[in-house]
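Presented sequentially are two complexes of chain A, the first with chain B as partner and the second with chain C.
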Partner chain A sequence: MLQFLLDVLIRTSDLLLVSVGLSTLYSLIRFPNVAHVQYAMLGAFLSLAGQRAGLPLGLAAALSCVLVGCLAVLLNIFVFMRLLRSGSAVAMIGSLAVSLIAVALVLSTAGSRPLQYTQDISAPLTLDGVAVSSAQAGSIACGALTLLIFSVLLYRTNLGRSMRALASNRALALASGIDANRVTNLITFASGVLAALGGTMLGLTESVHVNLGNNLLIPVFSAAILGGLGNPLGAAAGALLIALAETLVINVDFGSLVGRSMQFFPVAYVSAVSFLILLVTLMVRPYGIFDREVRRV
Partner chain B sequence: MKLRRWGIEAFVTLCFGLSHLPDAHADVSVGAVLPLTGSSASIGEDQRRGIELAVAKINAQGGVLGQKLQVRIEDSGGGANTALDAARKLATVDHVPVVLGEFSSSITIPVGQFLVRQGDVHVNIGSSSQQIRKIGPGSFSVIGLDNLSARFAAQDVFDRKLRRVAFIAPNNGYGQGIADEFKKRFEALGGTVAALVLYTEGQSTYRRELEQMARANPDAYVYSAYGQEAATINRQAYDMQLNRSPWYGIYLTMCTSDTPPQIARGQIGLEVASGGAGAKAYEEAYEAAYKEAPRSAFGSYAYDATMLSAAAINYAHSTDPAKIRLAFDALGEKYAGVTGTISFDSDGQRIAQPYEKVSFKQTVAAQ
Partner chain C sequence: MSSFLIHLLTLVCLYAMMALGLNLQAGYAGMVNFGFIAFAGLGAYAAGIASQLGWPLPAALLLALAAAAVLAVATARLGRQLSSDYWGIATLAIAEILRTVALNESWLTGGAQGIGGIRPLFADLPSPWRDLAFLALAALCLALVYGGYARIIHSRFGRALKVMREETSLAVCFGYDPVSLKMRASVAAALPAALAGGLLTYYISYVGPDVMVPSETFALWTIVMVGGLGSNLGVLLGGLLVQSVYSFAPFLKDWLGVSSDLAGAVRLGLVGLMLLACLLWRPRGLLPERLEALS
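Entry: the complex of A and B
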């Protein structure tokens, strides 16, 4: 049971930061930004580049977060806001193009091989017989801490109030004197930082790979939609639910049904679980399971 | 006007004539498609070195048909599409009669099929899927296929008193072939393959595959994976403390080529042996050229394939692929290579393949 809970927490931390950033951004800029998952991939590669240039990993990750945050703001100002004038579908297709360009750039410069950060190989920690690596424990702690800080930012600061006001009723918020551009840029920057941090953490627990962003696309969007796009804490809950469903599916032994001692759902097809959850959510509760909360805000 | 027209015609004729003049110093070229980038890049580099050493030796001994041998090496990028483009370029632009390659069976098969359709000779230097046998006439393997390696692995694992194993291999032609063959052989001996997982290539994590294998509570983990994917599998298995049970690698150098020694230490497995006549000389030449011991046995197979190709061209007295193919058949009755005696069966596949039991200490070493 502890192993199962730990697996759920590890998977949640994989998805958490990227889906929270995606959902937050959506509350202000109303289109599904496909390129957001590539910010995570770029963040992982920039952290790796920083470390290989001689920086300690913490500093390299911080620098990577700032750079990806700035990139997110620049792309938003010069690409997505312009495309959004023609409609959210056009902006989404534009973000897909940006996503493909990002993958091509990394593929041509860093290649297709999975890369690793230089880190000491230490014996994993053992909790009641269940092993967890220090990188995984760090990733879970980092995810939880960042979510806490982000929640404080959203619910206890003027920036957070302004953001929620803009998300809830843009016209009224503008009339009350909120600087929409400043708030949008700051939130875009924060979402880029979250994605880069999430990507760097994934690189630590898994590997730095050009497919890192693509592999996140479906589960992260499923988590954000499940929690109600535009609801950051809903996205965190969505990530937990997706992780729970995925972990449950791959751990159910249905060997007795097929006459074998053991038979598990093939991991290669586990993304179908995210697709299924996404489909059912869109059909039953298109605004997510926390819809009422979103509208209240 | 007439003069101008005459001038143009003369110029065109001259250019055409020059481009078709036989070059007294033209090199004899063969081609190779190798994974110089991608998840098997470490092995690809070793194959390239094997070819380079063979070319140096052949040219030092007078070359091929009295001319220098040149091997045109193309990168497959670890993908079938890029590999096919490379093979197409070698066959139709460079007009090489023989192409060596690749490493991954799922890439070697389409490359071999294309070359056979072109009427060229294909030499498999690193793949072992049973499907290789079906490529067709004109395709030869200097390395034994999975029926041989799986039989050796199953017997070796069983002899080590490991009765219940979990198995993981890539979900491609190679992985499916070796998984089926190993399961069949191991269960025929009385063992049990309690979990059989085929992983998707190119993922950044294999933790969940490993979790499913661990649920089977096996005596040992048997695996075969490409260098950099194996590095991820090994590191995550280490993090999950699955390395407390024995890990058996089929082609252990491939499995551990990109894994830190601290993590790979203690793994056991099989490796293709390179213990033929001249193996020691090959190792010495390798160390002299690259200042390190051979990274894997696969370089020696590329070496043998290059030497055999040169011998076949000399035997055929021609660079005509049809004649070279017949020469391969003739020489492949008993060719003494650094990887042992190479004999082909009626499908052009190596009949006997020497393997050795190995373990990872600081590197892969014979037990």
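Entry: the complex of A and C
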């Protein structure tokens, strides 16, 4: 049972870092940025490059987070803001083009083989008979800490208040003197940092490869949409729900249902499960579970 | 060189058919579909499986069309529930899930190896004529699709689609049911894509999960956006341009002696760069949609 709980928590913190940033950013720029999952992939590779260049992993990860954050801001100013003038669908197609270019860049410089960080081999912690590697413990701690810092940022600081004001009523927020560009840039930077951190964590617990971003696409978007796009804490809850469902489906033995001794769900279809949950939810609540905005039809 | 030219033109015809379908759905009906390649992929697999079972060509192509039509109705019904951003993500996910199915259900689809050894069309003809005959068939299909679409677009149905794209509530006021319009537009868009997918299977005598990778959808989007969203003539031009660039990329491997990873990356990167450059500097494409003036 403890093993199950830990698996859920590890997966949650991986998804959470990417989906919270995605969802927060959506409330400001109003289009689903598909390239966001590629920021995670780029972050993982930049951390790897930093480590190969001789930096300690912590410093390499910090540097990669800052770089990806800056990249996210630059892309947002020079590409997405311009595309948004022609509509959210055009911006979304543009974000797909950006993610193609990102994959192509990584494929041409790092190749398609999975790579690993060099980590000190340390004895795993043992909790009540369940082994947890230090990378996994770090990943959980990182997810929890980020969620805490991010909610403080959103609900206790001026930046967070401005951001929520912009998200709920843009015209009124602008009229009251909020600098929309500054807020958007800061939040874009923060979400890029989160995505890079999430990608690095994912690279630590699994491996660093070029499909890291593509594999995140369905679960991360499912989590963000489940929570109601634009609702950061909802995205965190969505990540928990998706992680729970994925882990449940992998671990439950369906043998008694089909009359065989052992029958597990095929692992290849796990991402389909998160998507199915999403579809069923959207049938009932078209704007996600945690959406509180009032909409006029 | 001339056989390469025939190959290129055949691919242009097939991909232009798919892109015309996407243009009807996204350009005229305003349904932003990011999993459009699923229709072509389903058609390709249906044709492959049917020909493995020994079905004749017309039956195999009919199966391809039927499978794509069912998928089109299902995705369009989904659109009733979702707003357009959410629907775009949902179609992307549906295409990915179908690809996962194709990759894993080896008993039906041959898994990662795909289905090979499909008997090519016109196998009795001597070498250059076989390819030319196939090109003629592909071009005939493209012409039929183009002509059919021209009729659809200038019909009441086509005008209703444009009204729905611009102002859905106005279409409702005119007495059109958006769900039914979307469903019919989706089926009309899926059929040529499935036909092209099925023909592609016969052309390369092979079908594998690679036909459904998301970058193929973006290649179609690039064709449509380069040519001009909502302009069928533009889509033909876009198909020619994009497919030429796409087909010349593998030559880099021989000329520059780069690895196959890098050649694949160049292909992906070129599609991405063309799409982005077009969106930034020519957002309405090379041959923009001509909007009819009020008379």
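Basically, the second predicted complex is superposed on the first by the 292 of 297 C-alpha atoms of A that agree within 3 Å, B and C clash if a C-alpha of one lies under 4 Å from a C-alpha of the other, contacts with A are read in each partner's own complex, and residues count from 1 in each chain.
Going forward, a residue touches a chain if its C-beta (ideal position, glycine included) is under 8 Å from a C-beta of that chain, and two chains touch if they have at least 3 such contacts.
Every value quoted in this text rests on a predicted model; they were computed, and no experiment measured them.
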Touched partner set for A:Leu83, first chain B, second chain C, both or neither: second
Which superposed partner A:Leu96 touches (first chain B, second chain C, both, neither): second
First (chain B), second (chain C), both or neither touched by A:Gln136: first
Which superposed partner A:Ser112 touches (first chain B, second chain C, both, neither): both
Partner chain(s) touched by A:Asp253 [first = chain B, second = chain C, both, neither]: first
Partner chain in contact with A:Asp7 - chain B first, chain C second, else both or neither: first
Partner chain(s) touched by A:Ala180 [first = chain B, second = chain C, both, neither]: neither
First (chain B), second (chain C), both or neither touched by A:Thr126: first
Chain B versus chain C as contact partner of A:Val66, first or second or both or neither: neither
Shared contact residues on chain A - chain B and chain C: 111-112, 266, 268
Chain A partner contacts - residues on chain C that touch it in the complex: 32, 34, 78, 81-86, 88-90, 92-94, 96-97, 100, 103-104, 214-215, 218, 221-222, 225, 259, 261-262, 264-269, 271-273, 275-276, 279-280, 283
Chain B residues touching chain A - in the complex, by the definition given at the top: 37-39, 41, 77-79, 171, 194-195, 197-200, 202-205, 207-209, 211-212, 215-216, 228-229, 231-232, 235-236, 238-241, 260, 262-263
Residue ranges of chain A touching chain C (in the complex, touch as defined): 31-32, 34, 79, 82-83, 86, 88-90, 92-94, 96-101, 103-105, 107-108, 111-112, 214, 217-218, 221-222, 225, 229, 266, 268-269, 271-272, 275, 278-279, 282-283, 286
Chain A residues touching chain B - in the complex, by the definition given at the top: 3, 7, 10, 111-114, 116, 121, 124, 126, 131-133, 135-136, 202-203, 205-209, 211-212, 215, 250-251, 253, 261-262, 264, 266-268, 270
